[in-house]
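Note that chain A is present in both complexes that follow, paired respectively with chain B and with chain C.
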Partner chain A sequence: MDIGIFIQILVWGLYAGCIYILLAIGLNLIFGVMKVVNFAHGELLMLGAYAVFWIHTYSRIDPYLVLPLAMLLMALLGVCIERLGFRPIMGTGKLNEIFLSLGLIYLFQNLVAFLWSTSSRSIHSPYGDVSVTAGSMKLPLDYLIIIIVTIVFLIGFQLFMKKTTPGRAMRATSQNREAAKLMGINVERMDMLSFALGSALAAAAGSLWLISGQLINPYMGAIPAIKAFAIIIIGGLGSIPGAIIAGLTLGIAENVAPLFMQSLANLFGFSMSFTAWKDTIAFFVLIIVLVLRPTGIFGEKGE
Partner chain B sequence: MKLDRLKLERMNPKAFVGVGSLMLAFSIPLILGINTYLLTVLIILLVFIIYSSAWNLLALSGQGSLGHAAFFGLGGYASAIFANSLGLPPLATIPVGGLFAAIIGVLIGLTCIRMREWFLAMVTFGFAIIAHTITAELSWLTGGWNGIPAKRLIPVTIPNYIVYEYYIMLFVAVAVLVVIYLIMKSRIGLALEAIRENELEAKVMGINVTKYKLMAFAVSAFFTGIAGALEIHHFAYITPEVYAIDISFWPIIYCISGGLFTLEGPILGTVIITILDEGLKHLGLTYGRLILIGLILILVVIFLPKGFVSITRKIKSKLSSGHIPK
Partner chain C sequence: MKYAILVAIVVVSLVLASGVGQSAETPSEAEEIKIGIVVPYTGLSSTTGIDMWKYAVMAAEEINATGGVNVSGVPMNITLLLGNDETSPAAGVKVVTKLITEDKVDLLVGGFNSGVTAADSVVAAEHKVPFIVTGASTPIITHRTDINTTYFFHHCPTGDDYAEFTLLCVNDIIKPAIYERFNFTEDRPLRLAFLYQDTAYGVGVYNGTKRAIEIHDLNMEIVAAEKFKMGETDYRTILTTIKAAKPDVVYPAALPTEQPLIVTQGRRDVGLDTIYLSVECNDDPVYYTGVGRSGEYSIQESRFGPYATPPGLTHDAAVKSKEDFKSRWGNYPSMMGASTYEGVYIAAEAIENAGTLDKEKVRDSLDELVMPPMIEEMKDGVITFSPDYRESKFVLYQEQLIWNETAGETRPKIIWPDSIKETDFVLPEWYEPGSAPTPTSTPTPVPTAEVPEKGVPGFEVVFAIASLLAIAYLVRRRRE
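== the complex of A and B ==
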C-alpha cells in the first residue's frame, strides 16, 4: 500500500475523530454531572450545523466566525431541554431517559425536515480551495483548522474544569452530588451549565462538519451521536482522557479498517469493497469491548 | 335472563373489554365489507401489536432494546429465503423466521446480560446496524440493497385474499397475546418484574437472573421475528429498509404511549398512535404528524409515565370513589 494514501487516510480519521471527540466530551460531561444520557445529543449537532448554514447563507459572514454564535444558540436550547425535559424525569428510572431522548429525536428531526425539507445542504468554505502540501500528499486546510480548533476547545475545556470555580463545582457535583449540595453548590445550576456546555460542544462539532464541506440533512445526527456514545462507553463513562483516546482510535479505525480488510481480501484473491462497513466497525468494536469489560476500558467499577 | 345479567356483572371489566374488542376486530370485514385500504391498515396494525407486545415483554425484564428491527428483519428474511428456496408456503416458514430470530436473540442476550440499561440500548442499536450492513452485503443470498420478492401469505389469485390475510393476522395476534398474557401471569412474569425492580435482590431471592433474562430475549425475538415474517409476506417483498432505525423505534413509542409493562398498553398505544398517524397523513401532514408524535412521547414520559392505560384507571378510581353504594 502506498504510504502517502495511508497517511492521508490517517489524517481523515483524525479529522473524523475530532468531531466524535467534541460530541463525546459533551455527552460525558452531562452524564458525569446529571447521570443521565441524552441520546438526542446528535440532534444538537444537526441543529448547530443548520444554524451556521442559515446565518452564513443570509449574511455571508465567514462561517468560522458564525461558529460561536451557533454554539451560544445551542447552549440556550440545551438549557431549555434540561429544564423542561430532563429535570422533571430525573430519578424516575433509566429507561425514561432513553424514551424522552427518543421523543426529542423525533421532534427535532421532523421539525427541521418540516421547516427546511430533507434535502442535503452544504456551504462552500472560504478556505475550501486551499490545501497544504506536505511531501507527496495534499491536505485540505479546513481539516487542519478543524483539528487545531478541536485541540483549542479541549484545552479550554480542561482549563475551565480544572481552574475556574464553576468548573470545579461541576466536577464536585459529578463526584458526589449530595456532598456537593452540602458544600453549598447549587447542583441544579450545575446541571444547566453542563447541558449548556455539552450542547455548545455538539454545535461546534456539527458546524465544523458543515464547514469542512460535508453535506447536512435533518437525519445526520443519529449515527455520530450513537458513535459518540460508543466512544464514552469504550473510554469509560466520566473519563475525559478516555474519550479523547477512544474518539481518535475510532475515527482512525473506521477509515483504516475498510482499507485493511480490502487488502486482506485481495491477498486471498477476492476483490471486495468494504466501505459500506464503516459504520458497522464502531459497533463491532463496542460489542467486543463490552463483552470483555462491561464497564468500559477506562471505566471504574459501579457508579 | 337474571342469571345472565348477574354473570355479566361479575365478569372482570377488563375481560369484558377484551372480548368486546376481539368481537369488533372479528366483525370488521363483515360490517364494512371488503375495503382493501382499511384492511391493509388493520393488517399492519395487527403486525405492530404483535411486535410491540414482544418488545414490551423484553422491557418487562428491565431490558429496553433500541434495535428490535434486527429481529423483525431477520425473521422476515429467514422466512422469505426459506419459502423461496424450498418452495414451502409462507405459513410453514413464518415459525422458521421466528426461530431464527430467537436463536440470534439468545446470542445477543448473552452479550447483554451483564450490561446496564444504556449499554444494552447501545448494543442492541448497534446490532440492528450490523444486521443491516451484513444483509445488504450478502447480495447472493438477500439480493443486496434491492431486496428479494417474498411469497404472498395468500396468493393474489384467490378472491378476497385480503380478508383471509386479515383473519390469519388476527388469529396469530390473539394467539401471541394469549401466550404473552400467560407468561406475564406466571412465575416467569413475576421473576422478570423482580429482576427489573432490583436485580441484586432478585438474585438473593434465588431467581436465576441469567436464565430469565435470556428467556425474555428468546421469546421476545421469536414473536418479533414472526411479526416481521408476517409483514413481509403481506407486502410480498423485503429490502434492507426493514432494519431502518424507525422500525426499531415504533414499538417503543407504542408501548410508552399505551403503557409499559402491561398487556393492554402496547395494544392501546398501537391502535391510538396508528389512528392518529393515518389520520394526520390524510390531512397531508408528512412531518407534522411525526413532530406531534415526538411531542406526545415527551409529554407522556413526563406527565403520564404509565401511559394511556392509566387514564382509564384514573377515571375509574375517581368514579368509584364518588360512587355511593346502595
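== the complex of A and C ==
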C-alpha cells in the first residue's frame, strides 16, 4: 500500500476527529461547569442535524448558512433542558441526574420518530461535486470546509473562554463553584450558558455530519455519544485541550488502526479484514490510556 | 366467615376468567384468521419494515374486500397483527413469542433481517407455527438442522440467488464491455471487490458469490473482501483499502441505509470510479434519493422495484399494485413489500386449500401449494415451494441506474436478461478498470525462466513494525 493511500486515510480520520471534537467539547463544557454528565448529548447532535435538514429542505438555503440558525435553535433547547430539567434536580443526587438524561434520550428519539418517522434522510451539499486536488489526491471540498469550520469554532471557543467575561466566569465556575459564587458570579446563569453552548456545539457536529453526506435517523446519536464519552475520559474530564487531542487521536486511530492490524496480520501470514472493528478501536484506546494514565491525558486527580 | 366468602369469590372469579380467556382464544371457534407480520418497524431497517407492513395491510384489505378466506364454507377475514422486531434479535424473539403465545396467531409472515429472523424463527419452530419468510435472504432459515424447519417457507431469493444472477449478468455483459474498451485478454480474470455487512445477510451473499464463481466456473477473482458493521456510516477507509486492491467491479452486500453511503463515498470522496453492484433490497425509493448522481451507471439486482416493471405475466398486476400503493400511502413501494404482499395471499390460499386453521394442515397445504404469480415474475410461472428446502424461485433481473433530469434522481432501466431488457448496458466514460490495459502492439514475450523479484518491504510492514516497537517501549516504561 502506498503512502498516498495512508495520507488519504489520515484525512478521513481528521474529518471524523473534527466531528468528535465538537461533540466532546460540548459534553466536557457541560460537565466542567455543572458537573453533570449529559447522556442525551448524542440526541442533541441528532436534533441539530434534523434542524438543518428541515430548514434546508423547505427554504433551499445553503446548508452551511443554515448551520448558525440550527446552533441557535439547539442553544435555546439546551437552555430549556437545563432550566426545566437539570436545575430543579441539581444537588439531589447523581442518580437523579443520570436518569433524567437517560429519559431525555428516549424522549427525543421517540419524539423525532413520531414526528418524522424512523426513515433515514440525507441532503446533497451544493459543493458535493466539487473536489480539491492536492498532489495525487482528490479531496471533496466539503471535507475541507468542515475541517476549516471546526478550526474556526475551536478558535472562537477558546477566545470566548479566555478573553470574555462570561467565558472567564464559566471557567471560574468549573474550577470552584463555591468560590465563584462568593466572587459574585451567577453560577446558575453559567450553567445555562454552558448547556446552551454545549448544545450548540453538538448541533454543529450533527449539522456538519449531515452536510458531509451522511444519513440521519432518530437513533443516530447513540454511537457518536458513546465515542464522545470515551474521548472526554481519554482527554481528561473537564479538559478542553484534552478533548481536542483525544478527538483527533480517536478519529485518526479508528481509521488507521484497521489498516495497521491488517498489516500485522499479513506479516504473520494471515489475510484478515479488521474494518468491522472500527468502533471497537475507541474503547481499546480508552483502555490503553486508562491503564497508562488513569486520569486521562490532561485529567487531574480527584475527578 | 367473611374472609371465607371473599376467598371463595376470588377463586370463582379466577376460574371464570381463565375459562372465558381460553374459549375466546380457541382457533377453531375464531371468526378471523390472525396473521402476525414480523417486520423491523423501528430501528435501522425501519424504512423497509414499514413498507412490508403497509403492503401486507393492502393485501389483507383486498382479500377481506372480496369476502375474506373461505375456510370449509365459513368466510373468515384476515386480521393482521404487527410484530415489530426493532431490527434486533432479542426484540424479534420477544415479539414472535408474544404473537404466538398471547395473540395466538395462526401464521407468521415477514422477517427481513437475516440475523433477526434466524433468531426469532426458533420460537416459531418450537411452537410449530407456519412462517412464510418474505425478506430475510440467508438460506440458513430453511437449511439449518438444529431446529425443525418444516414449518418455514422461504418466499424470497436467498443470498445464493442474488450472487448467482448478479455475477451471471456481470459475466454476460459488463465484463465484455470492460474488456473491449480496455483491450483486456479473455484469460485475464475480472477483479471483483466484495464489501459486506458482518451479519448473516452479508456473509450469505459473500458465500453465494464464492459459490457462484465456482459453480459456473466464472473467470473472476475476488481481490478484496472487507466487512463492515451493520449501520456503519463511514466507509471511506474501507473503500480506500478496496481501491488499493484495484478492482474492476465492487459488490457491496448492504442495506438501503448503507448502500447510498458506500456508493457516494466511493465515487465522490475516495475516487473509486468503478461499477457498483447492488443487492435487491436497495431497489427502494430511499436509495434513489440518497445515492443522488453518484449512483449513475451503477447496477441494481431486482425482482420488483418502484420504478421499473419487467414485461411478463405479472406486468399489469404489478403496475396496478404500485399505483394502488402510491394512492394509499403516498409513495411507491419498495422491493421487500412485494413479497410480503404475496406472502399474505399465499397464507390465505394455503388456509383455504387446507380448509382449516390447524397449523399442521396449513403447513402441509403450503408444502403442496401451486398458485399463479401475483406481482413478481416467478420461475416456471408459478408460486410453489421446493420439496427440499421450501424455497420459491423468482425471476431476477439487473437494472442500470440512469440519471433522470425530470425526477432529479437516477432511475433504473432493465439491462439483463436479454428476454426482458429495456436498454443496453452503458459503460460510463469515467470508468476506471482495476489494472492497466493490455498493450495492443506486440504480444508480450513469455519469459523462459522465472526470476524472483527482490522483496521490497512494503510501507505497511514498516508501519506494523514501528507500531509494535512503540507498544513495547510504552509497556517497558510503564513497568519502570
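Things to note:
FYI, the second predicted complex is superposed on the first by the 299 of 303 C-alpha atoms of A that agree within 3 Å, B and C clash if a C-alpha of one lies under 4 Å from a C-alpha of the other, contacts with A are read in each partner's own complex, and residues count from 1 in each chain.
Heads up, the rule we're going with is that a contact is a pair of C-beta atoms (placed from the backbone, for glycine too) under 8 Å apart; a residue touches a chain by one contact, two chains touch by 3 or more.
Quick caveat: nothing in here was measured; it's all calculated off a predicted structure.
When the two structures are aligned on the shared chain, A:Ile287 is found in touch with chain B, with no touch to chain C. Once chain A of one complex is fitted onto chain A of the other, the partner contacts of A:Asn96 are limited to chain B, with no touch recorded for chain C.
When the two structures are aligned on the shared chain, A:Ala113 is found in touch with chain B and with chain C. Within the superposed three-chain model, A:Asp279 lies in touch with chain B and with chain C [touch as defined at top].
Looking at the shared chain after the overlay, A:Ile105 reaches chain B, while chain C stays out of its contact range. Of the two partner chains placed around the shared chain by superposition, chain C is the only one that A:Pro140 touches, whereas chain B remains out of contact. Residues 113, 276, 279, 291 of chain A contact both chain B in one complex and chain C in the other.
Of all residues in chain A, those touching chain B in their complex are 37, 39, 85, 88-89, 92, 94-96, 98-100, 102-111, 113-114, 222, 226, 229-230, 233, 276-277, 279-280, 282-284, 286-287, 290-291, 294.
Of all residues in chain C, only 41-44, 46-47, 50, 198, 225-229, 231-234, 236-238, 240-241, 243-244, 256-257, 260-261, 264-265, 268-271, 286, 289-290, 292-293, 458-461, 463-465, 467-468, 474, 478 touch chain A in the complex they form. Contact residues of chain A toward chain C in the complex are 1-3, 5-6, 8-9, 12-13, 16, 113, 117-120, 122, 124, 128-129, 131, 138-140, 143, 213-215, 217, 219-220, 223, 255-256, 258-260, 262-264, 266-267, 273, 275-276, 278-279, 291-292. Those residues of chain B that touch chain A in the complex are listed here as 59, 62, 64, 66, 111, 114-119, 121-123, 125-127, 129-130, 133-134, 136-137, 245, 249, 252-253, 256, 260, 286-288, 290-291, 293-298, 301-302, 305.
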